[in-house]
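By written order: A, B, C and D. Residues from 1 in each chain.
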Amino acid sequence: MKTTVKKPPMGWNSWDCYGASVTEAEVLANTNYMAEHLKEYGWKYIVIDIQWYEPAAKSADYNWGAELVMDEYSRLLPAENRFPSAAGSAGFKPISDYIHSLGLKFGIHILRGIPKQAVRKNTKILGSSATAAEIADIGSVCSWNGDMCGVDMTRDGAQEYYDSIISMYADWGVDFIKVDDIARPYHKAEIEAIRKAINKTGRNIVLSLSPGEAPICEAVHLSQHADMWRMTDDFWDGWEQLKKMFDYCRSWFPYVKEGCWPDCDMLPLGRIGIRSHGGDRMTRFTKDEQCLMMTLWCMFRSPLMFGGDMTYNDDFTLSLMQNRGLIEINQNSHAGRELYRKGNEIAWAANGEEGIYYLAQFNVGEHEIEVQTPLSFMGIEKPCVAHELWTGKENTGNIIKSIVPPHGVCLYKIKL
Amino acid sequence: MKTTVKKPPMGWNSWDCYGASVTEAEVLANTNYMAEHLKEYGWKYIVIDIQWYEPAAKSADYNWGAELVMDEYSRLLPAENRFPSAAGSAGFKPISDYIHSLGLKFGIHILRGIPKQAVRKNTKILGSSATAAEIADIGSVCSWNGDMCGVDMTRDGAQEYYDSIISMYADWGVDFIKVDDIARPYHKAEIEAIRKAINKTGRNIVLSLSPGEAPICEAVHLSQHADMWRMTDDFWDGWEQLKKMFDYCRSWFPYVKEGCWPDCDMLPLGRIGIRSHGGDRMTRFTKDEQCLMMTLWCMFRSPLMFGGDMTYNDDFTLSLMQNRGLIEINQNSHAGRELYRKGNEIAWAANGEEGIYYLAQFNVGEHEIEVQTPLSFMGIEKPCVAHELWTGKENTGNIIKSIVPPHGVCLYKIKL
Amino acid sequence: MKTTVKKPPMGWNSWDCYGASVTEAEVLANTNYMAEHLKEYGWKYIVIDIQWYEPAAKSADYNWGAELVMDEYSRLLPAENRFPSAAGSAGFKPISDYIHSLGLKFGIHILRGIPKQAVRKNTKILGSSATAAEIADIGSVCSWNGDMCGVDMTRDGAQEYYDSIISMYADWGVDFIKVDDIARPYHKAEIEAIRKAINKTGRNIVLSLSPGEAPICEAVHLSQHADMWRMTDDFWDGWEQLKKMFDYCRSWFPYVKEGCWPDCDMLPLGRIGIRSHGGDRMTRFTKDEQCLMMTLWCMFRSPLMFGGDMTYNDDFTLSLMQNRGLIEINQNSHAGRELYRKGNEIAWAANGEEGIYYLAQFNVGEHEIEVQTPLSFMGIEKPCVAHELWTGKENTGNIIKSIVPPHGVCLYKIKL
Amino acid sequence: MKTTVKKPPMGWNSWDCYGASVTEAEVLANTNYMAEHLKEYGWKYIVIDIQWYEPAAKSADYNWGAELVMDEYSRLLPAENRFPSAAGSAGFKPISDYIHSLGLKFGIHILRGIPKQAVRKNTKILGSSATAAEIADIGSVCSWNGDMCGVDMTRDGAQEYYDSIISMYADWGVDFIKVDDIARPYHKAEIEAIRKAINKTGRNIVLSLSPGEAPICEAVHLSQHADMWRMTDDFWDGWEQLKKMFDYCRSWFPYVKEGCWPDCDMLPLGRIGIRSHGGDRMTRFTKDEQCLMMTLWCMFRSPLMFGGDMTYNDDFTLSLMQNRGLIEINQNSHAGRELYRKGNEIAWAANGEEGIYYLAQFNVGEHEIEVQTPLSFMGIEKPCVAHELWTGKENTGNIIKSIVPPHGVCLYKIKL
């Protein structure tokens, strides 16, 4: 019985810019920026990504065997050298309070399981007489990070462990939890345990599952237990990955509905890679590619989690985040769907309020093409007026004709 | 500048029941049956398939090196032992005349190229001083039949050869030519030569290309030169092939338009295999599968070429051919399109006359499923009344819910 | 500095007949049989295979999560319900003593690592202040058995753990240890730790590594640390596996030398599968296949570990084990090598004492063939007399000609 | 009943240096060079490769549709612009006479089949009333050259065609015919026809079949009808191809015997690519690679057909061709065989005259290695003296130890 998240969450995540190493100062700077420039457009969540409990984290690489900050109950805590406000066992409460004071929401990333370090030290589990080694699912470990060991949900103390961490996060004021190493391979029992632990807190916390590809054969289970989940592996600023996203969106769009948000992953826009993969840079996507990406994410109604350090936004990047037309589609359209593919042409449609429709004409090829979309494919049988949202141009008739640049898109708002 | 074929051709083809061996008597029996039972529903073409020039043909297997009936100009002629009315150099004219006399139309199958036998005998080409060996594209042969050798269109006499056979067919009264061994591999120059030869006759002859898969990258060239073309290799009565047809239809539906009819291949229904592949039988498709197949062929607007010997039709088979609701969709709907796939559920939509829409809900899995299709995916934003065409049941609302049997379909006519 | 094992070990192993479930009575019955019938031919080792510490083991299937017999120092002990003589903390000492009293040698199977159960209970490590959870390599687990967790050799207490188990085995009088889950994937550090622990005991213990395929790129490391190692995954009584063994033997024969015995795996002969894979049966190999297999194992100089319950041996099976000619090749020949392959013919040669050579002509096809092997391929340049060892027939000349049945072999002893 | 070719043929072929375009002057220059420098070492054949009948040939690329020089009987003749001595219908007789006058032998390349041009013109067949188009196997064409069409050996006149060309070649004095496009795919009937035609001439003509891979399952048929045949596709001066040759030689060495010479293809040494593939160059093989290649070709007893224009030989290249030790192995050893592979080490052995053995130790890796070959693998059981043939160094003992450079070889002559 999860609480429903009514719109695709919009926010910022520290991974694309700072990998595993973001600091309190960087989080607060982005918080202030969002409050000032983006809050009114719907942007809301500030999410601290992986390894906030790792004092030595410096980049997107993990120090295998690192000593993590952990309490006596096997629970990881913020590294105070990176998050000074966590001193005195305050955890993320001070940061969370500050974010809330600006009208925003606070999220964190965690990895499935219990720290290996807790297993080795065989520390206690809050609310249970079991110890860490007793509940560990020895052998169930993440293939790409060495911090954790899975929890064997058949053992006494296992649910208590998840309850103990989630209730601590709720006490901190966490509004969003991205749980990693849980959706591929798919760990059903631990997903259920986390959902149960969230429900026990009584707090409205968004549950986001990673990494992808989440298995589409688990679409029903995902819908019942999570609010959003990754369709793909980590997404970065490369064209082949972006092109491939059309396949994921085609497969998943019939499952999109209120409270069920398949996730195209973070938007690797603006300044990224500062201490993360690929090196410090402005996004490698061209402007056409950025427009295409934003259009696809919005027509599909993916969560929008911005990946760059927003304080370095240039005008173009900021304009993408403040584009009310796009955000309206993302937050309020419905029935987003791929209409057809024809050579390098991919068309998507969505429906808006009374008498409003959207049509996106993507060009995934390397050459400009002329696209002609019959409105009849959208169920519309009379000539209409269509406004292109990126250029403001008008187009009328039964068939919407456009010249679309390579890697680009035309996006129409159509009034019956 | 081909003449436009305004509706998907509907007819009968001898291959599925008689392979390479159909006789005049069998053709006429099916002609009479069509005239009596099916003509008023739109069925029209009677097509004699491969090797009507092979006196010894007995089945769907080819006699490699067989002596073919050929005139002095390298042109193949009907084998008189199989088609007695062809005696006295009459060709197919008598059969054609008879078919026309009943208000139907006449078609034949040919293989790309010139007979190897003509090359060996080095016979003449009508209207040219070149001889068969001179125009042959030695080495360009069919991989599955040994009768012919390709024509090298760069040689003098090559176009004259195609002109000479097509004009003879026109003289016979042929209305439909299925050219085989031409669409996979794709023989561009010979396709163009045949189109040119047809145009020269001034006769309205449907040009159908085989076998598939015709290359989708040649969609434009196909549209300009042919009236219909095969999307797939030969289709028979097996479920896996039928299921796979959904992929072909998804790829090709954006290309369907007046005069351009991608072809799902013959309907292997009723009594087939009499002297063809798989043995004498009533179709192996279950009734659910037959309904599903007819629905897909009609929503996609494939040509409908019936493959069984119609004189053995049972009531169910005949009822499929006389289903006016289905035929209306096939002949007169537009914008047929796949809406989405969700697990084993595949939904298609098409638009009819003013305010009429069609929705097909297919179940390609092995278990009954409940399907719920939001009308918003069809662009419809208000509750509607929907009539199921196979059962007559009524369904209302914004979301069309159905229980669909395995390998089955529900097909709705929706009125706004 | 391992002690050298001078000849390929010959013995019996309980896996093929009793899976994980052999009992003391069965072990002793086979011991007595070997002492009486086979000892004089060189058969020596009695090896108890996997899970002798699992009270509930009933077959070759593993009970995941079973409660194992373990001492306070994380060391597994024989299940007394299966091995009554182990009562009173005697371990395998009584069985070992009995085997030694008959002039034979005693071996056991172990799995790499420390019991998961020890990690969960966080039990002690003898000779160290570390505990089980502290030395565990969490995440390094066997893919096909759930008993153990790897040991992280970088941790204090890790070497002590291996020392503590191996010295206990030495105290029991163990002469042979088959370590499983260690050679594929290849666990270098734990192989070295076990070698070191064996050396510390001062006891001459054969170290056998499983499962295969052991990586051939580790041939040097294997030679330095182990006495024998598996070239293949588990071998059973199927022809395709037997045929494939020729490929493994061709790759590995250059590495065979005193103390380095690549292993073709157990001989699945006689009565096998009693409580193991494939069901209770006499071997499925035909007599020809058994002769071929014994010939290949002996020419290659594989260890010979008999897999059936010997007390059920029929005359033919016993005759294979008592074949002095074969055993002589296995124990005392050298330079065993594949000579050539020619169609379904595979020829092997080996050298014996002064002026003695062996030639095996295998037929891996489905039809009888005539094989002609020029002795020049063995470096012999004069006509010789050759005695066929399976039939006693004589053959002379420069070229050895034989009629070899399908799946069969001719094996010659050649005197210069 | 072919005549036996007692030793692997040694000679020169024009392909590697001049592709399809060699001229009379170039042929004669190489003839003179061979007579002067190489004849006494056993080099004998001068072979003109493909398309000597193509006046416009300029390189290793083929002009598709080129007009070929052909007589009235469908037989191709030397292009007089390239071979002036062929004027007046002399064919290759003058060149052949000259070559013979120097004590050498003359060979030509032909393509399977009859010219397409003959089929198109439907020219006559000498000794038959059939015409070219009548005997053509339409559709049986070469995939990489457009000159010819296969001959259907079931037709009257087919054998006569092959007789007519081969007897003309015999009249010219041809001693060697390399027939191309015949061994892959394998054209059994035409191979037999050519063998029959050669036998009819009564002349001792070597029959060489191309291209490879000739199918090893046809080893018996090849042995009965041809004198040499290609094991591989075209071989050029690249390491990966050279390394791969070890696999071919391992598969084929058991089939090598007097009159049956599986062929490693031409030696791309000295100056090659002048008007052929890869551009004008001295061979890209390093000296080590050239020594390795020569050693393998000789131990295997491949035909030795030199590919470079010999008149440009440098000292090193000439020294390879004049290496009596190597040539002795190639011409007179027997039982050449792969002994074993061990990592990057591949060892070969062969036997010489009474008490002489050869051992080659190849290093196919990228780093120097120490190789130790026990003589027991060659059947030798006493210490011997071994002379390294490339360096002259001596080595004694039971085990031959060498330091072998990457891509290099040590080659020993061993005396018992």
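We adopt the following convention: contacts are C-beta pairs under 8 Å (C-beta built on N, C-alpha and C of every residue); 3 or more make two chains touch, one makes a residue touch a chain.
Quick caveat: nothing in here was measured; it's all calculated off a predicted structure.
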Revision key, fill the gap. Listing by label each chain that touches chain A and chain C gives none
Review point. Among all the other chains, which ones are in touch with both chain A and chain D?
Key: B, C
Practice item. Going through B-D, A-B or C-D one by one, find the pair whose contacts repeat those of A-C for over half of the pairs by residue number. Key: B-D
Revision key, fill the gap. The chain whose C-alpha centroid lies farthest from that of chain B is chain C
**Study point:** Rounded Å distance, chain B centre to chain D centre (Cα mean)
**Key:** 53
Exercise for review: Indicate the whole-number Å distance between the mean C-alpha point of chain B and the mean C-alpha point of chain C.
Suggested key: 65
Point to revise | Separation of mean Cα positions, chain B and chain A [Å, integer] | key: 49
**Study point:** Numbers and ranges of chain D residues touching at least 2 other chains
**Key:** none
Practice item. Please categorise the chain-chain contact pattern as a line, ring, star, complete graph or other. Key: ring
Check your understanding: Between which chains is there touch?
Key -> A-B, A-C, B-D, C-D
Point to revise | chain C to chain D touching residues, read off their complex | key: 217, 219, 251, 253-255, 334-335, 337, 339-343, 349, 351, 354, 357, 374, 376-381
Practice item. Would you mind writing out the residues of chain C in touch with chain A in their complex? Key: 116, 119-122, 131-134, 136, 138-141, 146, 149
